[in-house]
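For reference, the structure is listed below as structure tokens.
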Amino acid sequence: MKRHVPLRLGMVGGGAGALIGNVHRIAARIDGEFQLVAGALSSTPEKAQQSAATLGIAEDRAYDNFEKMAETESAREDGIEVVAICTPNHLHGPASKAFLDRGIHVICDKPLTATMAQARELTEAAKSSGALFFLTHNYSGYPQIRLAREMVARGDLGKIRLVMVEYAQDWLTEPSDSKQAEWRSDPERAGAGGAIGDIGTHAFQLARFVTGMLPEKLAADLTAFVPGRKLDDNANVLMRYAGGAKGTLWCSQVAPGTENGLKLRVYGDKGGLEWAHEAPETLWFTPFGEAARKLRRGGPGTTDSAAESSRIPAGHPEGYLEGFANLYREAAAAIRAQQEGRPLPDPLLVPDLQDGLEGLHFIDACIRSDEADNGWVEVMP
Amino acid sequence: MKRHVPLRLGMVGGGAGALIGNVHRIAARIDGEFQLVAGALSSTPEKAQQSAATLGIAEDRAYDNFEKMAETESAREDGIEVVAICTPNHLHGPASKAFLDRGIHVICDKPLTATMAQARELTEAAKSSGALFFLTHNYSGYPQIRLAREMVARGDLGKIRLVMVEYAQDWLTEPSDSKQAEWRSDPERAGAGGAIGDIGTHAFQLARFVTGMLPEKLAADLTAFVPGRKLDDNANVLMRYAGGAKGTLWCSQVAPGTENGLKLRVYGDKGGLEWAHEAPETLWFTPFGEAARKLRRGGPGTTDSAAESSRIPAGHPEGYLEGFANLYREAAAAIRAQQEGRPLPDPLLVPDLQDGLEGLHFIDACIRSDEADNGWVEVMP
Amino acid sequence: MKRHVPLRLGMVGGGAGALIGNVHRIAARIDGEFQLVAGALSSTPEKAQQSAATLGIAEDRAYDNFEKMAETESAREDGIEVVAICTPNHLHGPASKAFLDRGIHVICDKPLTATMAQARELTEAAKSSGALFFLTHNYSGYPQIRLAREMVARGDLGKIRLVMVEYAQDWLTEPSDSKQAEWRSDPERAGAGGAIGDIGTHAFQLARFVTGMLPEKLAADLTAFVPGRKLDDNANVLMRYAGGAKGTLWCSQVAPGTENGLKLRVYGDKGGLEWAHEAPETLWFTPFGEAARKLRRGGPGTTDSAAESSRIPAGHPEGYLEGFANLYREAAAAIRAQQEGRPLPDPLLVPDLQDGLEGLHFIDACIRSDEADNGWVEVMP
Amino acid sequence: MKRHVPLRLGMVGGGAGALIGNVHRIAARIDGEFQLVAGALSSTPEKAQQSAATLGIAEDRAYDNFEKMAETESAREDGIEVVAICTPNHLHGPASKAFLDRGIHVICDKPLTATMAQARELTEAAKSSGALFFLTHNYSGYPQIRLAREMVARGDLGKIRLVMVEYAQDWLTEPSDSKQAEWRSDPERAGAGGAIGDIGTHAFQLARFVTGMLPEKLAADLTAFVPGRKLDDNANVLMRYAGGAKGTLWCSQVAPGTENGLKLRVYGDKGGLEWAHEAPETLWFTPFGEAARKLRRGGPGTTDSAAESSRIPAGHPEGYLEGFANLYREAAAAIRAQQEGRPLPDPLLVPDLQDGLEGLHFIDACIRSDEADNGWVEVMP
């Protein structure tokens, strides 16, 4: 009888007080597929040790830099099999590369890297590594988003005409000196995108994931509303798709009263879909000429894929952490398949390097368009 | 003791089967301020007579063209004091002019006219007439919209940064040969704008009314999704305001599942507002850093102006017809003031010629921008 | 060609400052079926005259008591054909009787009368009169309520098991000396029921109207929460129906934050329905094992009867006044049918004497049960 | 530097295919406070072994009955410190007792036991044990429920008048032979309560937790709507509290379209609160005479206690599993405090034996009242 053994997980970044590191840890725990055994949780040695102790990581596996961690862990018999990268954006590329180069699988927070140059290096590293790379565009982990994707793919909406997506927050409405705000508004660490990088890429990926469509061109109007802010805190973007579909993307960090207001609406010539993060377990399906149907997670109208992305019965709310955990669970399944020489799951829904590259191109295109006074630019030139 | 006597009202257009004519009639009836006594309800004589009979209009005041009606009524001792224009767009200008020229007040459906040339003629006519001209951008009649306007004006939102407005319908998702669809998609009768003229102008005016701000520039991406359609059925528009505010306007007639999905969101540096037509009695106020407040028609937080735009207690839903009736009631008050030599009510919230001109410029700017491949154009050149 | 002539309407009660009188007047105006030509709007002569003048009623048809009005009007060639009774409850019976006795049709506000004795007298008067009697349980005028009724009747829900209805307000949370509150909490004028009479009867009638079922027994727990209040301001009621269905009715005037929170939920062995006054244009239909469907006024899934109870397209909100106006419109149709010797419309959806009697029995049963410490009592003994 | 070590956890029940066992496991994992090391997951030896293997439990710690497990584990140096009881109801008491008797802490699913006799035995066992006992009435783990509790306690609502609670499901609308349905409708294993035991106790405890009030009397109308069902599948219950407050409780398993429709409304003389499971991150606060405030998890208006019951920023939905995990996290904190000789956290919000006893008395009172044809009975006689 085969006994379940969790994958050995390491983490870079995500020390005490970090937001996203804790999210990754919970996502990794929920299904019991991972055990956190090593970390370079902070570049401050004392903080790295303290954070590791709090998480039950052994003293000799608490590192203060990811190079050392990659080197040491890859040499251990019981070294980590997979690493989660939860640093500020500018380290995503170098840290991921360090582990891929040593054959350690990577689960990296988004965006892929801070620059296109880093992205190219990482792409090369991934190509030459036997290890897998995953990117946590976690919103695509929601069951009703996966249902939406299948409904579009099987033609429930007909030919897609309109893709309206938005992601609105308010936490940067005023100048902020929080730790979260600080690096996110610093081009050195965040990259060239402000709101477009931090949340715009999520919106972009969500629309891409659900519709399967990548816009050909976009026209972007970027703004930094708060005086002194170096990066955009709002973007109004128009999209054009091959085949004639159109769309808009709005992302903002200065919209008071919004929280993490991600919302997607897709309209085709036969019907529409609407999903909002505030009620993530509901997907509205509006076939033209019929009454709107409220498709609930786990409820009537679900599909195998959506049902498998779920843990508890309909009406017991699942949320952000469970969606995030879906990516971890699927990454685990893929890693085990590779370890055991089996083919990877197909489809493999957890986002990967390609999603990351598209996100970087989206950021880049927004900036190019904005510099051209909102002119149309190619998204993937 | 002064006894109430309703104003004598005539109507052009709005014969049997017409949608908007019936709306105007109900709006005129609700407060007992008008009595319909004459009409040129159809250009088909028999239909004009039949429609008039159904409405209790005397046979000799049932006309089959508006020129005749204007001439005859203006000569009667008991002739109409005010006329409602409910024709297809291309007749708004000529019909309005015919009555203004004879000193008869006009309540005209939007848009102002089908062309800029007509608008100029009508403007001249209005200037040289002693009569008043009102335009039924009825959504600005909703009490919570008026409350929103006052809240912006008194600074509750701080300096405005973002104005997001949309109006989505689905009734033109497929090719349609209904009477409503037919003239609305014919440039000869509707004017140069399709969705932008029919509903985009409403969205534009609503944002304008609430914020008091007129965009300087816009960039528009117009589409006719349905094959063979001559006018746009979808528009994605970016806005830029003096002072740095930005915005978007989306209007669509091909978004399955939407009905009359007008929605406005305004964000300033101190707070936000959100209003949606589906629940018109609720205005969301989100002061930055405080809990969202649900401001209900007639409820706590209302203002005199909003309260006066209402008839029944909070929780007894008022709707579209009551909002429309507010314009009629205010038009009546203004007409009576003028008749009695009193100053007009101030502020006079019912939209007028200026709103109509701005709406035409909006349509025109959208078309110019679209022709320039979505380039920025001046809204009021 | 037959020319439309409105019915000549009188009104008892509803003078300046009255709430429900104005509602009746607007409801009567909306479809142009009535013209208000006489009134006993107040028992104070000066106020009666003043109110009449404000409404355009001729001086000689402004009465200061309903007996005089009934006598005089019934003797006039152009006397009123129908009267609206909008007084406090204790006058509903006597005033209605005065007109019925003279062959004048009556549209009376609810409840039927303040006492069972009055109800018996009125019933006799109605039987011996050729005139029609209507009761404005206006919530049954909403199109989606009519749709609900048809869906239950045609078996969409299967055999009904549960009927949950509530009507919650907050305006009597604190002691109040408003005019509205004053007579409503005075047993002499309101009758023996407080909340149960004022709003509980509405909830009762709504459930009755939709399900077609009348409970056999009820058990009621009545409370007057506000010190010194003579009548109940809250009632928790259990219901039992023939055939085994069960239900609850909650009505309250002391639930802070509620407005006119009428809500109905009906569950059968095949599906459920839910309707809430806050969004009256939506009826939720939940067939067991299928996705919930949002049935919108005027939208897919509507029926002829529901569509005929409506005036404007889906998505343009109709509300309380339009629902009320449906009763007036249907009363007009019935009156005209009778005048012209045609059979009355069938079904005639506007509530009548029978609904009023059931409401009185409901009040009476609640009081009897409460006096028996919440014991089960027959509803219609 | 103190390194974190998880508590050693065992589990009784919850083998392959079990619903609630998996919920307990995820709740135990989320914060990394527990490690599952032993289990009596099934009474079928093979299934017990297989389930244990799947969960990574060592072969020698996979038991096929809880007595053996309690005996063996309590004798091990590295034996479990705490056990989760996830069996059908009739084993809650005996299993809990077996571990308490050996000084092992217990986290038990609700209801406390299947019978009052079992409850008395368990109470004795708990008294004489040094170990702690927790009961997973998990809905009280939601942050906004804790906020509600604090708001009531600090007087935001004034004196409480009304407590309206409901829990509606539809999964037993038709006869069912699912594993979940089977034992829940069998008096031998579920106890004497059907819906009242399975979900009514949750609703009862939620109201109790938030208001701090225990009803003195209740009157219950129980029904088994589905032919052949031995236990109630619907209950309509009236409540009376000391001091004059009143309330209702409705629980149903035959309401098509509901999922896990738990909803609580509390009204006092100064304000109201409303919370619904479908949107668990929103708590509506309606101070009398002020606009309703939407209090969001992690948002403005939160309290320390509510914030500590949360893991991620506002707008990233948390749900059922996180609420459940709050109980596990707090149980862990209490266990560690006891292990280390520190005082237990105060307040200790995770429900305990007393909550369980009250729940049993609620079930018992409902049955006694129903047998007395809905008469008033004492809740805690």
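As written, the chain order gives the labels A, B, C and D, with residue 1 at the start of each chain.
Following the convention adopted for this analysis, a contact is a pair of C-beta atoms (placed from the backbone, for glycine too) under 8 Å apart; a residue touches a chain by one contact, two chains touch by 3 or more.
No experiment lies behind these values; they were computed from the predicted model shown.
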**Complete:** Contacts shared by chain A with chain B include exactly C, D
**Asked** Counting C-beta pairs in contact, does A-D beat A-C or the other way around?
**Response** A-D
**Request:** Using mean C-alpha positions as chain centres, tell me how far chain A is from chain C in Å, no decimals.
**Result:** 55
**Item:** Interchain centroid distance [CA atoms averaged], chain A/chain D, Å
**Value:** 34
**Asked** For chain B, what residues touch not just one other chain but two or more?
**Response** 258, 292, 296, 299
**In the complex with chain C, residue positions of chain A that touch it** = 285, 289-296, 299-301
**Asked** For the complex, which residues does chain B have touching chain C?
**Response** 1-6, 19, 22-23, 25-26, 29-32, 49-50, 53-59, 169, 258-261, 277-280, 296, 299, 311-322
**Request:** Going by the contact rule at the top, pick out the chain B residues touching chain A in the complex.
**Result:** 157, 161-162, 164, 170, 173-174, 219, 221, 223, 225, 234, 236, 238, 240, 244, 246-248, 250, 252, 254-258, 265, 267-272, 274, 284, 286-288, 292, 373-376
